[in-house]
Amino acid sequence: MTAVTLSVRRHRLGLLLISAIFALLMALCISLTSPGRAFAAEAVPTCNPTATNGCVNGILQDANKQPIANVELKLSGKESATATTDAQGNWAFSVSADGKYTVTMDESVAKQYGLKAATAQVEIEKNSFDKARQVVRFDKPAPAAATSGSGGSGASSSGKTSTSANTNSDAATTTNGSAIGANIGKRVWQQLFSGIIFGLMLGLMSVGMNLVYGTTGLSSFSHGEQVSLGGLMAYVGTQVLHWPLIPSAIFAVLIGALTGWIQNEIIWAPLRRKRVGTMQQMIVTIGLSMALQYTFQFFFGGDIKGITKSVSASFNIGPVTTDAPTLIAATIAIIVIVGVSLFLYRTRLGRATRAVSDNAALAAASGINVEQVVRIVWILSCGMAALSGVLLGIYLNGISWNTGATLLLLMFAAVTLGGLGTANGALVGSLIIGIVADMSSLIIPNDMRYASALAILIIVLLIRPQGLFGKQQRVG
Amino acid sequence: DSGASAKKTDTFVLGGLWPETGSLAYLAPPELAAEKLAVSDINAAGGVLGKDITTTDADTSDADHADQNSSATQSVMSKNPSFVIGPASSAVVKNVYKTITSANVPMLSMGATSSDFSGLSPYFFRTVPPDSVQGAVLGQVIAQDGVKNLAVAVFNDEYGTGLRDTIVKTVEGAGVNVVYGADSAFDPTETNFSSIVTAIKASNPDAIAIVAFDQTKSLVKELASQGVDTHKLYFVDGNTADYSKDLDAGLLEGAKGTIPGVMASDEFQKKLVKAYGKDISTFTYGAETYDGIILAALAAQKGGSADGATIQKNMAAVSGANGGTKCSTYKDCVAALKSGKEITYKGLTGIGPFNKNNDPSSANIGVYVFDDQNVPKFDHTQEGKVPTD
Amino acid sequence: MTDNEDTSTVDTCPRSEIHVGEPAGEPLLDAVDLVAGYLPGVNILNGASLTLHKGEIVGIIGPNGAGKSTLLKSLFGLVHIHSGKLIFKGNDITNLRADKLVSLGVGFVPQTENVFPSLTIAENLHMGAYQAPKKFNERFDYVCSIFPKLEQRKDQLAGSLSGGERQMVAMARALMMNPSVLLLDEPSAGLSPMLQDETFIRVRQVNKAGVSVIIVEQNARRCLQICDRGYVLDQGRNAYSGRGRDLLNDPKVISLYLGNLEQEVAEEGR
Amino acid sequence: MREIKEVKPEVKPFQDLAKWATKAPEGEKLISTAYGDKVTKDLKFVDNKPGVHKPDPILVADHVTRKFGGMTAVDVEHFEIERHGITALIGPNGAGKTTFFNLMTGFDTPNTGEWRFDGRDMAHMQPEKVARMGMVRTFQLTKVMSRLTVLDNMLLGAPVQPGEGMFRSLIPGLWKKQEQENVEKAEALLERFLLIKKKDDFAGSLSGGQRKLLEMARALMRDPKLVMLDEPMAGVNPALKQSLLDHIMSLREEGTTVLFVEHDINMVRHIADWVTVMAEGKIVAEGQPKSVMNDPAVIDAYLGAHANIDLGDDSVLDLKESEEH
Amino acid sequence: MDFLTIISDTLGELIAPTTAAYVLAAIGLNIHFGMTGLMNMGQAGFMLLGAYGFAVTQSMGANLFASVCAAIALAVIYALLLGIPTLKLGPDYLAMVTLAAAEIIRIIGRSTAMTKITGGSAGISPQDFTTQFEGTSPLPNGATTFLLWTYNNNIANSWWLRIVAWILVAVAALLCWRWFHSPWGRVLKGIREDENAIRSLGKNVTTYKMQALILGGIFGALGGIIFVLPRSVQPDSLGRAVTFYTWTILLLGGAATIFGPILGSCLLWVLLTFVKEVMRGAIPDTVISSNQVESLGWVIVGVALMCLVIFRPQGLLGDRKELAFDA
């Protein structure tokens, strides 16, 4: 084994450079001539461990993350070398022998930059993933266990790590706790905003779903797939056919509406004619949902498809960061939802949809073409679902074969919360669900946020069993 | 030893459990290609015990389709396989391994990296090192890059939280503050990342480590749209993939990722594409799949029978636990075996012989850096011993 | 009112083809041997026939479950007709969709579930005028003159109305379209005596104004008083038919279908 | 003209009713009249004024009000029902009769008020408790269990029995006998109500009138102390109605008190011992049927001017041109 | 692919523990919906609770009987908590609340915060909770071939589990038969049709509904135990989809029938396996890739399900006449 030991005096930059170059050359020679053989420690710009060398490296920063350049660090132990930090504060030693090493720098530098320590001990073991590469960070607060030690060691050897890392992570979690507390203020507005946006998207889907429920009494489990369909069709438009976004979106909505029309003609209308109950129809929607979902997967695969590749520039409105597509999507959602509500409450056809839902036979007896009304409702509902799929795909940065399915429960929750069959209810319910879900992650773990939205649903129903906008029926 | 698999047999039936659907579906092509390639290489070299090997495959889908997990397993098991390759993800392995191992059929996962699986069962093998290794490497890379405040976004899954724990442990040991995600995780079925990103952003990290599968795309876009720096991201084997088709050029430039195993060589890549018959965008775990199958075939060849118990007994030996002639193709290895020698199969993955936990005793972790087209480019690899405790 | 001199004018079914007192001319609505039912294999109507001439009021009475409502529903396309023929103004309308019939000028008040419970009264009436929204105001005033309560309560949900109030809404809804043929299924049920009478009188009034009416009633005496002709339906078939007055006074019809409660009460009162 | 269609011989017109349309021979009563006579005697001396006290009340209500939004649907100051009597509750549509029923039976909660049934306070009592105390009602808009057979509908009306417990139902020995008795009783009632042929059909397939009948028959399964019938005869064929009135009267002799709402004045005159008139939520008149029916206020608000006029008469049409007839 | 394997695989589903687990869940749902008209859209919640109750106590070392009791107790408590406030809701609203409640259980069970108890999203591994059950098997070790099928006798997806599961099913079906034809069952059906009418007849509707909810929930919990025994406790594997499948099974077989759940479950899983096996065997990889075969399999099952309902809406054993009167 060839061990080259270089002893370099402090503050002799020239010599250091020369020796570094020399070492480099040597190392090159050695590695060229006899690969696989170890070589002595040396300073290198960056170090990655291999079978033959380990790494001791780090970045020298002050407490404000400012790099400290041109500081000399000394490696001692099995092998020794000296390195100087570069403009980014980077330094690295490549070592060849396993064993303990100590990295030191001038005490005065440590004092000057308020670093916690000027020496650090590490253990290198080339064959071990844990120890082949050791990172020494003098900016790290001294571990509690090491304060009594000799000036405190930066990165403790991994033998000790088990204890010190534990105390460390405890400390980290406590700081995390307070950090989260401080963060809440920053997050409230942003979360509220995103909750509203999400609520609007959800509203667009739920209103459509509610329309079908309101007219035919059918809870459609395949509505989620109609949403996915919209998003995926927009993806086809932009990424496969390479159309601009707007024609693609229109294409998606048209396809969505078309599927609404077709499925009404070939599935729902015949089922209604056969007087099949809504429970049974619901099972058909489950079947349809399965069939559609996996058809999407068949054609589009299991991954998430981005409708737009680009991410538009974000800007701030007050405390909220957002971007143009999000705002446009929200505006479209509002316009469509308001339009549909007006349609339901102000137009003859809208009233007819409610009449059909109450009593289809009587509606027919009043001269309403029930089939026509239901057809329109299906087209409208699926068209809206497709639109929401497009907007959602843009807002959530992608759509996959099962995006809609995962949102189905929230749609149901929104619709129920607002009161089944009421148009305004679906919107208000969606907003509540959206806001509660997003805001609750301020308090409870993020992975439980949908649980809070659903809990709200249950609480509201306990107080108002008919939903927020539902009307109670009289008995007797 | 009991059951049908104890009977000596010379027909080697290879069972395959693949993530053909679900959020890991993008990894199925390289694995299936590797299976085809391995089978054709083996059969070209005369098969196992003189007979061609046959395959039986099934799709396990995601772990949240547990029914499909088990029905796929059932379907493969019903063909009395000598050996099962797969499933890829830890969560699915957890769902199905018992059915397979209890029938004394050895199984080998090419991707399940959960640290908990070391020594899971004498019949469970893997050609990837556990996450304790990957996590350590990634953690050091993060620390080495001078990150002071790290956010970790992981999905709540066997693999996600396990890997997170080692990353967090490593980086904290190296002086990095974990400002977000040390003890939270998001739902694997999450589609709306806005509140997660808001929380991450509010915690002011210098860099973010992401442990997830396909969810990564939406998360990255959401990060970008909320104005978070996406050049300081750290990925893992579940998401270090080619994003050139999904993200704006340059969005990920400089981001890093780790993948256990070696980077597939160009030659191997070409072979895989040829065997698959279609273009493959990522080659993750192709080599691990290939080596796993070859090892099993060699084990059968060595033991002189293609039943599960025999294969299980000889897996460690052919991987080199007892030393012996080094050989790197099935053909050479079989020749060596036939001449009665102990062998050490040196495959594409460069892993060491199986240790007592049936983990590779040594392995590689590749570190990749994303280029301006959002394609991960191989940077360097770190090799080492896999700890056994 | 108890003069039952001429019972011979009442037909029992086998002779039902001789329609005494039947106005000459083309029938407006002609149902021939209708066979219809709800479930496959179970026929409720077993060859019921009925003729409505222009300007007539035709009453249908019969025991419960005889098929009166089923007959009306099948006339209106709400129950599938298996065999038989339905002619309206010379055109075959067998199994024609209900909304088409509405546009042909047929109105219908069902016996049960005859309002839209989650719509307000005004909206219910809007639905009545669905095919002619322009005429809404004019017709609305008209029906409110019959049932003044509707005007006061026009924004109340029909689902919260009392039984009688619902009945008013149902009747009013059918009148909104200004139909030329009106099919009424027990329009007076649940109404107070005063409104019952009022209803019958209004039926006569609209009839005077040119609307032909088929009315099913259990308030048979009142009904037969205003009917030009009446049918007695039993087990899905015509059992008797004849002029309203004649049926009213026919002892057989009385004992089997009408009862004599009224007379009894009247006697008690004396 | 159309072909002659022959009636198939096996279908005799209306064979069912013929059996029941027969009455007791002239001058004879079919049943004992002890309770009836007592009630008649008792009520003879009661004043004909609203809210009057009665000798032997089974139900006493005080200050019961119910508001819907701005409208007061029920506002009953004091009201009593005579035990074993047949009391008719009449009044214009929307007077609050059904709402009053709902309040008394626990299906709705009043804004104010208290009432006692058989001496027991009934406020805030659940409907099922009310029924179990012997106060059974029917619904104006019928409620039948559509996908249960008519017989099952009837059996559900029977008092709670051991077989209706979750665990006891597993041991048929515990309930078979009582079940059999119930079936017999139900069949007898169905026969009376001309529904026996429909016994095994789904109740959902009944016609409007048949549902009314079933509803009433079901309420009688329990032998209630007080049965509250909400327009039981609306839509029932007059001949059948008449025969059922005798049945109602016979109920009294079995100890049942009857309160009914009805718009058929003849029926009220025929069987009611006492008539109460409600209008706009208030009780406006009470008394013997004859006197109440002749009260001009009642005639004005409820019976109408045409009550005794033949509607076939052209005089009812306020039309100038009456060229017909 | 040889035809015999397809057949034996497919028919294997007939006796699979999962099939039995679904039967039990569907029997529970039948008591809820078929008899009482409770639209329980959260049967998976009962199953998950049962599975947790069993597996958590097992992994803590309780004995088998205690664990089963714990599972049942959890189901009962959940039913009470859910029922007391919600049973007065209308059917569609009840459906939503149960769906949401089941989802809440799953979300909480899988959350990182609960990892210590429930194992978080990773769930509980079989070795932690199946050993005692496997230990109770009277069968000899090894595997047995019976007719077409070979399974291990005692371990995991074993004959022992199959025997226990189907005995449970038989007992449940017998109990249901007794209940359905008793006055108790009649009251429940009455409630299904019109609870106000039942109230007016003096039956305590809330008590009956609660009894039904608890009873069905217990069957659900038992189904949950059977469901996890051959695999692992994985909260996501007992999510909404399971509820949907259970509904499908119930309506496929015919609601309010005794054998409907059994027939429905067998049919659904047999069909599903058959379609996929045939596709896997019959379609060459060159036509469509093997993962597309999988999706296509699900598509076909979805379509088949739709067709079954469209052409036989009352379910295989249901009564067509009942459909004429939609509640």
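Details
Note that the chains are named A, B, C, D and E in the order they appear, and that numbering of residues resets to 1 at the start of each chain.
Everything that follows uses one rule, which is that a residue touches a chain if its C-beta (ideal position, glycine included) is under 8 Å from a C-beta of that chain, and two chains touch if they have at least 3 such contacts.
The chain lineup, named per UniProt: A, E = Branched-chain amino acid ABC transporter permease; C, D = ABC transporter ATP-binding protein.
Just so it is clear, the structure is predicted and the values come from calculations on it, not from any experiment.
Ranked by how close its C-alpha mean sits to the mean of all protein C-alpha atoms, the top chain is E. More C-beta pairs touch across one of C-D and A-E than the other; that pair is C-D. One inter-chain figure worth recording: chain B and chain E are separated by 34 Å, centre to centre, where each centre is the mean of the chain's CA atoms. Separating the centre of chain D from that of chain E, both taken as means of CA atoms, is a distance of 47 Å.
In this assembly, the C-alpha centroid of chain A lies 23 Å from the C-alpha centroid of chain B.
Touching two or more other chains at once are residues 107, 110-112, 196, 291, 294-295, 321, 324, 327 of chain E.
Contact of a single residue of chain A with at least two other chains is seen at positions 297, 301-302, 445, 447, 450, 475-476. The set of chain B residues touching two or more other chains comprises 21, 25, 156, 183-185, 187, 189.
Within the complex formed with chain C, the residues of chain A that make contact are 348, 351-352, 354-355, 357-359, 361-370, 421, 471, 473-474.
If you check the complex, the residues on chain B that touch chain E are 2-4, 18, 20-21, 25, 28, 32, 57-59, 61, 63-67, 69-71, 74-75, 78-80, 91, 94-96, 98-99, 102-103, 156-158, 161, 183-185, 187-189, 277-278. The touching residues of chain E, counted against chain A in their complex, run 85-86, 88-90, 92-93, 95-97, 99-101, 103-104, 107-108, 110-113, 196, 240, 244, 247-248, 251-252, 255, 288, 291-292, 294-306, 309-310, 313-314, 323-324, 326-327. Interface residues of chain B facing chain A in the complex, by the touch rule stated above, are 21-26, 129, 132-133, 136-137, 140, 143-146, 148, 156, 168-170, 172-180, 182-187, 189, 191-196, 198-199, 201-203, 206, 214-215, 217-218, 220-222, 224-227, 245-248, 251, 362, 365, 367, 379-387. By the touch criterion stated above, chain A contacts chain E in their complex at residues 219, 221, 267, 270-271, 274-284, 286-295, 297-298, 301-302, 409, 412-413, 416, 420, 445, 447-448, 450-451, 454-455, 457-458, 461-462, 465-467, 475-476.
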